[in-house]
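Letters are used for the chains, namely A, B and C, taken in the order the chains are written, and counting of residues starts over at 1 for each.
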């Protein structure tokens, strides 16, 4: 099993507060890895460390390394634009651009100088299980779509530029159960071609869709392993307590 | 007890209604005295017989030329500064200092700008008394205001669009140019309109940088003196030989000035209302 | 591809730097020209001199006092009228009219529209309507006086004071008010004793910024103050302000004469007053913003 992402003694501070404490973790390639834990444990921060989106916030300090394909992305010389092309992200609340459905996907393609834009847009929509629903309204404003459709559009937008990793930050938290089910189905389909890391506070969701699971608590990764192992035989008491619903 | 409290409360409303009454009275007074003189001829013909008859076309022309030129000069500095403060400046002392300096500029009396313009543009830059000197002076007045409105307009665009674009690996400047700026357009335009409404009524900065009362022709050359609406009104009202005879023209000119100022003001308001709601 | 092209990066900072330096250059130029006055007269002869007569027959006198006094007198009187009017209006607006949204928006709209009125027009009104009125009521030879100026200036300051005060009052969370009502306190008591003190910073900011704008007003004052360069001793006396003296006399002054420098010296005083008042006013605006709940 090949390792795609590797955290090595990685820590992160917002000003004086330490959010991530000495993370050591290996995320396998082309599997779904879920990061779960109670509110405020740092899961979103951990996720955003993979595409260095935390850099956008003020007063961020890091130490340690994060390797993607054995290259440390926290090196000084790292090309952030190339990194973010390689690592796609879908946010908690759907955020398509205020443009047409077509333009949403075409925009990224044009900037990254892809050819055959039209075909790629359609392929992305097909891969995101969205094409059938929007094929006649490609020129319509993306904000008119339903929440679930917008989220799949955001996914299409991300996969259009051929990333290798897809990060999902609680992507279904704003969606109704049917839209959520559709999204989860999509994720299962995508893991054949992409390494997927998903943050969720919904244990059942983690159990449903992930192959590997990391349990985080107060900025540390307490346990990591195959999902069945974590859920059936948790090694740490804190993990067990979380799974039993003792804290949310 | 209940009745008394409400009574006192409505008593509190008297100052407001008094104020509103004065506003309405003032406006009606102007309209009543100005409308009889207003006509299309008035707007499009030249003054005759030493300003006691005829129209105010060159004055309107001068005002617009002046204001548009002032805008052209202030646009780029304001836009770039606004973008800098919204998306590039760090939260440190330097930024605080820069912003404080700009804020203090925005509170400066217009006449101080006039003095500065006299010293810098008329004398040191040797532009003499000219439309150029005046519009440059006016642009200095506009800049702090436009910077603030630009920054606000940019910050009003939901941050989540920015994040989504950055996460796609799109360069920062491209995101600003192609996603943020287009979205901020209504608010940006609103700021421009409001600035226009203010500028068109400003006199102090142009008093000794180039405005004149009576010019025979209009000129497209910015190196000449020019006429302007608010100054025209001022002179007609206070210094003309035949003060009473030209008073109706002063009223009419006031209405014209008011019309332009309010049109841009209302335009700005409408643009602000057009902001789409993001859900 | 780069995040931001080098040239753009440079221009972004460059323009921000330049625009913030404008105010400093302004001061420097004012000092350069205004400072030269003191080659001709002493500091005392400027700052403590009650006579402004730059074109005097025998001896020219460049006294700051008549102008400074005029500025302060007219502005302070104007604020004495505008502050209570403004605060009560703001309270009424945010506490009462808010319940009737269409009326609230209409009134706010009218006030905002009035704020966009060019000052020459309001000055013109003071000249053609208010002056004859004052003249008639008080049996004067002319209605162009301190009283007229103060009224007009009060009118012009009201939109600023109301807008900023009302903004602060509106931000006071409902919970404060609800707690007060639940204790049986009347609406007006709540408004005056709970909401208003809580919005203190914003109201003070409104007053200070209103003062700053008022003391810098030129055109309207030119039209209604009567323009007599004397120290005003009564409400009905004509007078000058820092702004009107500069405005009136600059046109008739030869370059590089003491008179010319004196006008710039007046400009320095005006700059300083404005700068300080605005600094303090903005400090209070920051204080208002920091009140997060």
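Methods note: contacts are C-beta pairs under 8 Å (C-beta built on N, C-alpha and C of every residue); 3 or more make two chains touch, one makes a residue touch a chain.
Given the structure is predicted, the values throughout are model-derived calculations rather than measurements.
Q: Among all the other chains, which ones are in touch with both chain B and chain C?
A: Common neighbours, chain B/chain C: A.
Q: Taking CA centroids for every chain, report which one is farthest away from chain A.
A: Farthest chain from chain A, going by C-alpha centroids: C.
Q: Just by CA atoms, which chain is the most central one?
A: When every chain is reduced to its C-alpha mean, the one closest to the whole-protein mean is B.
Q: Could you give the separation in Å between the centres of chain B and chain C, each centre being the mean of its C-alpha atoms?
A: 17
Q: Could you give the separation in Å between the centres of chain A and chain C, each centre being the mean of its C-alpha atoms?
A: 55
Q: So what's the Cα centroid distance for chain A and chain B, whole Å?
A: It comes to 48 Å between the two C-alpha centres.
Q: Out of chain B, which residues touch more than one other chain, so two or more?
A: 171 - these are the residues of chain B that touch more than one other chain.
Q: At least two partner chains per residue is the criterion; list those residues in chain A.
A: 80-81, 111
Q: Enumerate the residues of chain C that touch no fewer than two other chains.
A: 1-3 - these are the residues of chain C that touch more than one other chain.
Q: Would you pull the chain B residues touching chain A in the complex into a rising list?
A: Chain B reaches chain A through residues 90-91, 158, 160-161, 163-171, 174, 178-179, 183, 276, 278-279.
Q: Report the residues of chain A in contact with chain C in the complex, numbered from low to high.
A: 80-81, 111
Q: For chain C, which residues are in contact with chain B within the complex?
A: Residues 1-5, 8-9, 11-26, 29-30, 32-33, 84-86, 88-89, 91-93, 95-96, 107, 109-114, 116-125, 127-129, 155, 158, 162, 186-189, 191, 209, 212-213, 215-219, 222-223, 243, 246-247, 250-251, 255, 263-264, 267, 270-271, 274-275, 277-279, 281-282.
Q: Show which residues of chain B lie in contact with chain C when the two form their complex.
A: Contacts found on chain B: 1-2, 5-6, 8-9, 12-16, 18-20, 22-24, 26, 29-30, 76-78, 80-81, 83-85, 88-89, 97-116, 118-120, 123, 140, 143-144, 147, 171-173, 194, 197-198, 200-204, 207-208, 230-231, 233-234, 237-238, 247, 250, 254, 257-258, 261-262, 264-266, 269.
Q: Of all residues in chain C, which touch chain A in the complex?
A: My answer: residues 1-3.
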